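Heads up, there are several structures right after this.
Each of the next two complexes has chain A plus one more chain, namely chain B in the first and chain C in the second.
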Partner chain A sequence: MKLSTSDVEYVARLARLEISEAEKDKFTAQLNDILRYIDQLNELDTAGVAPMSHAIAVTNAFREDKVVESLGTQKALANAPDARGEFFRVPKVIE
Partner chain B sequence: MDFETIIGLEVHAQLLTDTKIFCNCSTKFGASPNSHACPVCLGMPGVLPVLNKKVVEYAMKMALATNCTINPRNVFARKNYFYPDLPKGYQISQYAYPLAEHGYLMVEANGEQRKIGITRIHMEEDAGKLIHDDNNPASYVDLNRTGVPLIEIVGEPDIRSPEEAAEYLRRLHEILVYLEICDGNMEEGSFRCDANVSIRPKGQKEFGTRTELKNMNSFRNVQRALEYEVKRQQYLVENGEKIIQETRLWDDAQGATNPMRSKEEAHDYRYFPDPDLVPVVVDEAWVAEIRAGLPELPQARRERFVNEYQIPAYDAGVLTSEKALAEYYEEVVKLCGRPKIAANWVMGDVLKFLNEDKRSIRECPIAARSLADMIGLIEEGTISGKMAKEVIADMYATGKTPRGIIEEKGLVQITDEGELAKTIAAIIEANPGQLADYRGGKEKLFGFFVGQVMKATQGKANPKLVNDLLRKMLAE
Partner chain C sequence: MELHQLTIHELQEKIRGGGASALQIAESVFSRIDAVEDRVHSYIRLMKKEAMAAAVRADEQIKKGDIQPLTGIPVALKDIVCTQGIPTTCGSHILHQFVPPYNATVVEKLAAAGAVFVGKANMDEFAMGSSTETSSFGPTRNPWDLERIPGGSSGGSAAAVAAGECIASIGSDTGGSIRQPAALCGVVGMKPTYGRVSRFGLIAFASSLDQIGPFTRDVEDCAIMMNVLAGYDPKESTSVRAEVPDYRRFIGRDIQGWRIGIPGEYFIEGIDPEVSAAVRKAIETVRQCGASIVEISLPHTRYCVAVYYIIAPAEASSNLARYDGVRYGLRTADARDLAEMYEKTRMQGFGAEVKRRIMIGTYALSAGYYDAYYGKASQVRALIRRDFDEAFTKCDAILTPTSPTPAFRLGEKTDDPLQMYLSDIFTISANLAGIPGISVPCGFSASGLPIGVQFLTGHFEEGRLLQVASAYEKSAAVEKRRPSL
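Moving on, here comes the complex of A and B:
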C-alpha cells in the first residue's frame, strides 16, 4: 500500500492540521516508510489466528456504580484556555 | 404514482445508573454546570476509563427484552471527530463488535401487526451540552453530561409508515421504562430519536435516497416530521427533482423540516478499538442471570390482563401503559376480586383525577386498599354507585378511607326493606291523585314516585330496592 500526497492532505484535514507543501512531501515519504516497515508483518501466515483488538489478554475490567465526588467546577475549569462563569467558552459553533 | 415509505429509526436512551459509564461522576440531571466532571470526563491526558458494570447489565436487559442475541465478546471503539462538546476528540462507542444484534419488536399500527427488526444495540458515552450566546460569537460548554451512559438502538429499515414509527417508539420507550433502566424523559433528552426516511415507487426493490431527520422531541413530533418529509420527498419525485442525501432538522413551530446548515464534509470517523478498555466477555451464565431478573414486559402483561381478568384489550392497554399503574390495578383486583369494575374505576375516576393534577400514579392519594374497599361497599349495597362518585372524590382529596368518609357524611344507603316500605307507604298516601292517574295507565308517573322516595331519603335509598318495592306497592 502506498500513500499519496492527497491521502496525507485528507488525514491532515481530519486532524485539523495545517501543513506546508514541503511538509506534505516529507510526511508522505515518512508515512510510506512506516507502512513499508509494518508491511513486513504480512510475510507471516496468520490464516489460523483470530483477529485481536488488544495487546493484553485481560477482559471484563469493571467498576461498581458508586458516586465519587467530582473535581468541582472551579478545578474543572482551571486549565481551560477560556472560561466564563461556570462554563468553558469556545468560538461559536452552530448547526 | 404510488409510493412506499421506508423508515429506520435510531434511538438513544440514557441509562439510569448513578454514575457515568467510564468514571465515578454522578449522572444527576440539573446540577450546576461542570460540577460533575473529573479528569476522565475532561479528557485529560493519561486518564484511564473503567467500565461501569451496571451499564452492561442494563444494556443486556434491553437487548434481551427486544429479542436480541448478545455477543459473547464485545469491544469498545473510538469514534473520532472534533466538536466542542467532546473534550477527548473521540466518543467511546462500539462499532465492529456491539453488545447485541438481530433483535425485533412486534408493532401494531393501522390495524396490522408487523415485526420490526433491530439491527444492533450498543453502549456508548453521551457528549456534553452546548449553549450558544445570542449576542456574542461564543458558545458555552457544560461537561456534566459527558460520559453519561447511553445505549443506541439501531432499527432495521422495516417501518412503512409514520404511524408505525411512532408506535415502534412507544413500544421501545415502554420497555425501557418498564425495565427501570431509563426514565424515558424526552424533553430532558433521556430518550432521543433520529429517523432515516426514503420513498420508492411501489414494487421497486432499490431504496430511494434517504434523508436523516433530527430534533424531534416527542412521539407526536416524530410522526409529524416523518409525515412532512414523506410528502416533501413525494413532491420532489413527482416533479422530477432530485432528493439530496442530507440531515434535516424538524422545526416544531414551522411544522417543517429544514436542511441542517453544516459544512459539507463527508464524515470519516476512523473507528478503531479503544486500547484503554478491555473487551467485555459475556458468558451464558451471565445472560441467564439477567434474563431471570427481567420483569414481566408490557406486551406480555397486556395479554395476561385480557386472559386472566377478562377485560377488553383496550382496557388492558391503558392499564399497562405504565408499570406502576398496572401494579396499582393488580393490587386493587387482588383485594376486591372484581377486575372489570376495578378497571372502570381506575381508568375512569382515578386517572381523571391524576391527569387533571398532572400527577403520576405513584402520587395517587387513593390507596389500592381504599379503592378495593369502596368497590366492596358498592357490591354489598352499603353505598350506591352514585354515592361512590362522591366518596372517591373525597378519597382523592383527603386520602381518607371510604368507611371513614361514609360515616362522616352519613352516606350509608338505606337497604332496610321495612323502613323503606314505611316511607313509600306514606308517600303513596300523601299523593292520592298521582296514584289514581298511575293506576289509570299513566306509567310515566312511576318516575315521580321514585323522585319522591329519593327526596324523602336524601338520596340514600338503594335504587334497586326502591324500584322493586314501588312497583309492588303501587300495584297493590
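Moving on, here comes the complex of A and C:
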C-alpha cells in the first residue's frame, strides 16, 4: 500500500476536508487502487521530455490597461453566507 | 411530427415560413417536459417563466423580420455555466443557493442569437463523473432505458436533447463529458479545440482541459451552434484569437480522397462487441464515401487515463479551494473557528467523488510527490500530443469508438471509481492534446441502446471535423429512432 490511513488524514488536512472514519478507510483503499493504476506511467522513460502544461501555447494574454466597470461591492457580497458593511464576515481566527 | 422533435434547421424553416411561432415551439417543449421529466430528470431547474417571455420576445423579432441563427430555439444549459439571477449549482450541494451576478460568455452569445433557455441541466457534481450519478440532486436517466445512466458528466444536457425536452443544449467536456453522453444518448456532441470557445463564466474543473460545446440532433445543428459559440473573448485569457469560419459551409461537402486514420490502440480487447461491430461498419461507410482508410498508431493511448487522473484532480484541487464558505456557497452552521469552518463546510458541501478527486490532486501536488506525479504526467501528456501531431501527418481525420460500451446500469460502477474512469478511455486523449472531437450516432445495440462513433481532427479544424461527420451521417443514414418514453 502506497498510502496509509494516516497519509489520507494528512492529505485531507492539506485539502481542508474533514472526513469521517468510514470515509477514511474507503478513501485509503480507493486512492491506493487509483495510485497503483497511475504507477504504470513509470514504465515510460520521459528523460528530456518537456512537460506540457497547456494544450495551446498562449503566452502573456494581455489586454489593454483600461479601467472597466467591475462587479461592485453589493453584487460581490450578495452570495456571502455572512457579511457586514463592505466585508465578508467569518468566525474568529484566533482566540 | 411534433415541434419538440425537430432540429434547429427544421424549426428555422418553419419559423421563416410562418409554420410555427417561437411560443408554439416553447409550448411543445414544455408539454414534453411535463410528460417525461419526472422519469428522466434532465434538469436541476426549469426556466419556464423566463422561456415563455423569451419566446414572446422572439416572436416580436420574427414579426419584424429580425431572425437570428437561434431565434425561438429552446436550448438547455448545463448547470455549470453561470446565468445571471438564475441559481447555478454545478450539481453540488455546496452551491445549491448560488446565484451568479453575471452571465457566462456563451450564455450572452446564445441569448444574442435568439435562443430561448429552457433550464439548467443536471450533471455530475463539479462535472466529475461519467454517469450523472454524482449529482447532489439525484441522477438523470437514459431516455432509451430508464434503468441505465445517460453518461456524464453532461448527462442532463444529452438526455434532454434525446428526450425532446429541448432542441439543443450546452455541455462541457474535460475528459469526454460531452462526447460520451452524446454517444450513450444517441445524439451529436462536440468538444471544440481548447481555446475555441470562451470559458468565461464556466465553473472551473480542470482548467487546462475544460471546454464548452454543443449537443444537437444532427451535425448541421452542431455547425449552427458552433457558429454562435466560437470565437475569441477578451474576458478569457485562454481563448484564442483565431479566425472563425462559417461552420455551416462545411456541411454537405464530400470527403473524396480524404485519409481517415484508424488507431489500432482504440480497438482493444474489452470493448463491447456490438460497439466494435457498429464502429467497424462506420469505417466501411466512410470508405464508401470515397475516403481511404489508413492504419495509424497512437502509441501512448494506454497511458491517457493515468495521465488524466493526475492532471484533472490536481487542477481540480486548486480550483475547488475557493469553496470555503466565505464568499459564496454553503457555510456550515457549527464551527468554532475559521479552520474548522473550512473543513466542515467542505465536508458537508462536497460529495464523495469530489472529495476523492480533491484528495488525489492534493496528494499529487504535495511536497515530495509533485515530480513523481504531476511532473511525470505532464511529460507523458506531451508524448500523447506528439502522437497526434505525428498521426495527422498521415491522415486528415481519425475515427474511433466514442465509448467502449453502450449505457451501463445505474449503480453498476459507483463503488469502483477506476472502472468508472475507464469509460472515458477513448475520449480523454482529445482533451489532453487539446484537439476537437465529435461523437455521431452510428447504430444501436440489439437491446436498442445507442452507439456513437468519434471523429478527431487537428487543432482549430472544427470545420473539417464537421465536414467528415456530416458526410458520414448522410451516407450512414442511421435509422431514425426515438426513445419510447
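Everything below uses one rule, namely that the second predicted complex is superposed on the first by the 89 of 95 C-alpha atoms of A that agree within 3 Å, B and C clash if a C-alpha of one lies under 4 Å from a C-alpha of the other, contacts with A are read in each partner's own complex, and residues count from 1 in each chain.
Heads up, the rule we're going with is that a residue touches a chain if its C-beta (ideal position, glycine included) is under 8 Å from a C-beta of that chain, and two chains touch if they have at least 3 such contacts.
Given the structure is predicted, the values throughout are model-derived calculations rather than measurements.
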item: Partner chain in contact with A:14 - chain B first, chain C second, else both or neither; value: both
item: Touching partner for A:91 - first (chain B), second (chain C), both, neither; value: both
item: Partner chain in contact with A:58 - chain B first, chain C second, else both or neither; value: both
item: Partner chain in contact with A:71 - chain B first, chain C second, else both or neither; value: both
item: Chain A residues touched - chain C or chain B, whichever exceeds; value: C
item: Interface residues of chain A shared between complexes with chain B and chain C; value: 14, 16, 53-56, 58, 61, 63, 71, 76, 88, 90-94
item: Chain A-facing residues of chain C, complex; value: 97-99, 101-102, 193-195, 208-209, 234, 237-238, 240, 300, 302-303, 305-307, 309-310, 317, 321, 324-331, 335-344, 346-347, 350, 352, 355-356, 358-360, 362-363, 366, 373, 375-383, 385, 417-418, 421, 431-435, 459
item: Contacting residues of chain B [partner chain A, same complex]; value: 17-19, 24-26, 32-39, 41-42, 50-54, 56, 73, 75, 80, 82-84, 97, 130-133, 136-143, 249, 260-262, 268, 270, 273, 275, 277-281
item: Residue ranges of chain A in contact with chain B within the complex; value: 14, 16, 53-56, 58-68, 70-73, 76-77, 84-95
item: Contact footprint of chain C on chain A as seen in their complex; value: 3, 7-8, 11-12, 14-20, 23, 27, 30-31, 33-35, 37-38, 40-42, 44, 46, 49-56, 58, 61, 63, 71, 75-76, 78-82, 88, 90-94
